[in-house]
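This is the structure I want to talk about, given as structure tokens.
Chain lettering (A, B, C and D) follows the sequence in which the chains are written, and residue indices restart at 1 in each chain.
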Amino acid sequence: MMINFCQFGAGRIGNVHADAISANENANLKYVVDVNGDAAQALASRHGASVSSVGEALADPDIRAVIVASSTDTHADLIEQSVKAGKAVFCEKPVDLSLERVNDCVGIVNAHNQPVFIGFNRRFDASFAKLKSELDGGAIGKLEMIAITSRDPSPPPLEYVKVSGGLFRDMMIHDFDMAHWLLGEVPVEVFAYGSSLVDPEIGKLGDVDTAAVTLKTKSGVLCQISNSRRAVYGYDQRVEVFGSGGMLQAGNRSETSVVKSNADSVQSDKPLLFFLERYADAYGAELTHFIDCINNAVTPSVTIEDGKVALQLAEAAIESLNSGRPVGI
Amino acid sequence: MMINFCQFGAGRIGNVHADAISANENANLKYVVDVNGDAAQALASRHGASVSSVGEALADPDIRAVIVASSTDTHADLIEQSVKAGKAVFCEKPVDLSLERVNDCVGIVNAHNQPVFIGFNRRFDASFAKLKSELDGGAIGKLEMIAITSRDPSPPPLEYVKVSGGLFRDMMIHDFDMAHWLLGEVPVEVFAYGSSLVDPEIGKLGDVDTAAVTLKTKSGVLCQISNSRRAVYGYDQRVEVFGSGGMLQAGNRSETSVVKSNADSVQSDKPLLFFLERYADAYGAELTHFIDCINNAVTPSVTIEDGKVALQLAEAAIESLNSGRPVGI
Amino acid sequence: MMINFCQFGAGRIGNVHADAISANENANLKYVVDVNGDAAQALASRHGASVSSVGEALADPDIRAVIVASSTDTHADLIEQSVKAGKAVFCEKPVDLSLERVNDCVGIVNAHNQPVFIGFNRRFDASFAKLKSELDGGAIGKLEMIAITSRDPSPPPLEYVKVSGGLFRDMMIHDFDMAHWLLGEVPVEVFAYGSSLVDPEIGKLGDVDTAAVTLKTKSGVLCQISNSRRAVYGYDQRVEVFGSGGMLQAGNRSETSVVKSNADSVQSDKPLLFFLERYADAYGAELTHFIDCINNAVTPSVTIEDGKVALQLAEAAIESLNSGRPVGI
Amino acid sequence: MMINFCQFGAGRIGNVHADAISANENANLKYVVDVNGDAAQALASRHGASVSSVGEALADPDIRAVIVASSTDTHADLIEQSVKAGKAVFCEKPVDLSLERVNDCVGIVNAHNQPVFIGFNRRFDASFAKLKSELDGGAIGKLEMIAITSRDPSPPPLEYVKVSGGLFRDMMIHDFDMAHWLLGEVPVEVFAYGSSLVDPEIGKLGDVDTAAVTLKTKSGVLCQISNSRRAVYGYDQRVEVFGSGGMLQAGNRSETSVVKSNADSVQSDKPLLFFLERYADAYGAELTHFIDCINNAVTPSVTIEDGKVALQLAEAAIESLNSGRPVGI
């Protein structure tokens, strides 16, 4: 069934989702809402949609689903208003930077019977999805260790760093979700080290740009995560899981398979530049999943509870970094 | 500028091109023409186009360009009618199975000032395009040798083999074009060996399913091509160029980057299944190039002359196979 | 100059060193000493050496150097007796399982002007050596993070586990040395998680078989280490260093370069089986280095101080594991 | 049983074999013979051997085997004299540059019951040996195509080119043997293209430095070989075999596994420099095989007949190059 969408937010990630809607034969973008009227108009025009307001959009019975891709501080409110209006919700991570606010939001969501999907796009990357599928299928026996590497090509603007909630809530939250998903359980303890090595200005803001976090589950499975806000060779996104029967690794992807051998070395492509390139297909795949959930009345594979767990792990990491001790969940 | 297209042919490759038109923001599919009315209607409906006839479509001044994706024996006629009607032409390879017929068609095309593009899609594969660009940029000095490997996952139906013109005209023609493109000149001699090892029925039809061809240029550059109609591990499409300053290789692509290490071995993905998967992006890229040529009044990078050269090389290979001797061009 | 050696210890690693001596054109094995007379005789015969005693061997002025490859609890004594006797010492790791004992030994060594080399063989692996050399040469700018993976193919016998000093002193000690070497400084803090997932019997002995440790330097550089006593796909020994200008990775080595592509997957060799295979060349290279140090009166690149640091880090890791908190050095 | 060797030839390859003898616990080098007395003396001294003459060495009943590593024009004579004297023979390729002379030599060898081994070292490379073993074990079903790439890092001195017998007899002869070995049968036809692209002086000597040869068997299996006298990225030695059930590839080896990712690209090691590096272990392995054949009275896996076939293929390739036509065997 064709689903009519209203999209809140017309920024960079908003454009990604609007493109995904246009490319999906079961989706139609009817409204775009953004505090920046020009951005809303530009995006709406490009996709044959209309500019609207939150109230008008949620009141329209034609609208079956919303995409929340606006600024983080609006996410929880928009989720709540949308489910109350009977709309299915696809919300960008994070639900909120405050765990308390997320808890309230979870309550509201649970009280309304609507599909609510949190956009942890990496779960829909073909390589990570295959790794998870092989793991669940027993390809490496019993899971024992995980290593997750996430490095951005370059740090965001300082203005963004200030409102981002910090590296753990903004960047490593993806890795916390990846860990939670692969572990299949919520870790019981978190230990974090962090440094400001990339840009001292980030350190002055009280944030870190380099971090190493370890998670531990009840059964003793261990997970190591490393993050850096800068990798000059491109977006570095790798996962390795190790078990009683072997190891699964999901590596980076590159634009071409060209290898040049000359008098210096053997040279191949750098990893794809950043998330828009690496996860281009994943954005389409998560939208397709969301639409399938609506049409088949199935609970999305990434719920608001998952969003809450990722934030809990981020909060615990921050507490660990500040206290210098491991923190229980 | 938005280009209105009429597409001749609603089969498998026709669907690929229609999808590419839909995905291209500068293209619109107005008409679909096919002798199979149901196929035409299905494709047209899926893309909001109308079913039409050759005559009606070519008479419509709104139509700026045509895609020729019908059966091979109609290509030359449709190219000629289309350029006479003032339409730009994107034609699937080959132009025709007869070199004489191609020569006539080239004459007609040259007499009409319309962009005519031949769909040698592999030139638009990101890896092969980068290899070519590096080669032309001098990355490996002076070109000395080329090796091209092309293997299909499984042979086509015997019914298709009968009308295909044989392995050299139907399958290796892509490699002849690749060789011609990379060499930057027309080879002066061709030597071919061929066998029927995959399916004896193919041999009974007078065709081969396994072939090794060598090309030589005036300056002594050598090119080896190998083809097989069956590769159980997937579509094997690789190019290697070697020069005074090094080597460039373009390898296969796979669906994921997952590597599994277990007690048996270290296992990674097979190559992508077939041309629809491997060249998915290339089909979009060649359409974009064609549209750019129309809008900027530029000659396409793959002309009908290139189509003719590829067929000449195929004819020479067949003559070599039959005579047991190298054949000059 | 030809160096005459006495070797203490005729077990598995003793055989490795005796082979290295035989293969080195500047070395000669004169004596073998072992409490197991048969083992001593067998090794001596194989290399044209004589069985001897500690006293006799150290009293022989022809002996310029000793290899200490006996059981761990004899290392410190043999080092001390040897340097007092004016012999250069090549000692297998660890110096001792007790930090106090190591400190005493360091004192004795410092009081005698003899080359004392600790056999951290991994530093002499061609891949790790190149990684270190590139790092020191500035290939990736300023060092920011390290990740070290060490997994043995299968756990040692429980009898060995009992006297090994535990995973941190016996196995991860190599990784602590690798970290110390690559960091170029002694970390200031260690945090350890460990589990018994491979074999519950190991856990019953109070040891772990799976561990994740994080190190932090004064300047904030972070190092993650992971260990497992079992990797069914072979000996997994990898190092990754990350800096302001890029990343260096040293991966596993395999016996052949053969890749098989079939209907299932693309399969390549597993990593080399275990340390004898992976570090076969490294054992020769470290002996060559030791001989060069003697002949050129140069301090070995791995000193007894390095042995002490590795043990300090192991002790700190054990304390962290037991206390559940990071431990300062 | 310990085998006493006399070695004819004290040049570069002679040193390789003498080192292999020294490293082999079942072999002893007793005599070295070379027309260059200084070279003979140096090699003999380095290995505790004596300088001798052909007559004296062959008359010594202690000598069980000879290594023929002298100049090519002495090979056939030394093989004949040695088997007549009751010695086992390990002869470097080629047996002779003249097929007639080789035929005579085969006759003499067949009339004397001695193991005669021809040093096609590549068969003992771990990767090629595994590829052959997998092929024979049915890993890829029925063999259909082979591709062999052989490129030297740089051309030999022109003085050597003059006496080498040309690229086909001197360099590609290794690939002809590889093809013969992998095919498991003697090809029935050869077609050769060759060019002088690397150094025009080689062309002036009537030789080629770049060549592409195709072989065909009775059953239609095809084999493509490419050679170049120069590859600036190192010694390029690869084999690919393709069959009804898949593909086996044996690639190059490198000194380390280090991968550097920086702002430019992802860089790994070049292939090992040349044959001494790439085939270091193969030289030891072929000697071990030869000694096993002597001790177990087994026919060597590479016979003088194999040497003859390789030369036949080279002769056919030369005739094909000169005549411009395929040549039957």
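Convention: contacts are C-beta pairs under 8 Å (C-beta built on N, C-alpha and C of every residue); 3 or more make two chains touch, one makes a residue touch a chain.
No experiment lies behind these values; they were computed from the predicted model shown.
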item	value
Intersection of contact partners for chain C and chain D	A, B
Which of B-D and A-B has more C-beta pairs touching across its chains	B-D
CA centroid of chain B to CA centroid of chain C, Å	57
Chain A-chain B separation of Cα centroids, rounded to whole Å	40
Where chain D touches two or more other chains, by residue	232-233, 245-247, 260-263
Chain A-facing residues of chain C, complex	142, 144-145, 147, 149, 151, 191, 193, 195-198, 210-212, 214, 216, 219-224, 226, 228, 230-233, 236, 242, 244-247, 324-326
Chain D contact footprint on chain C (complex, rising order)	23, 126-127, 130-131, 134, 139-140, 245-253, 255-263
Complex interface listing, chain B residues touching chain C	232-234, 254, 260-271
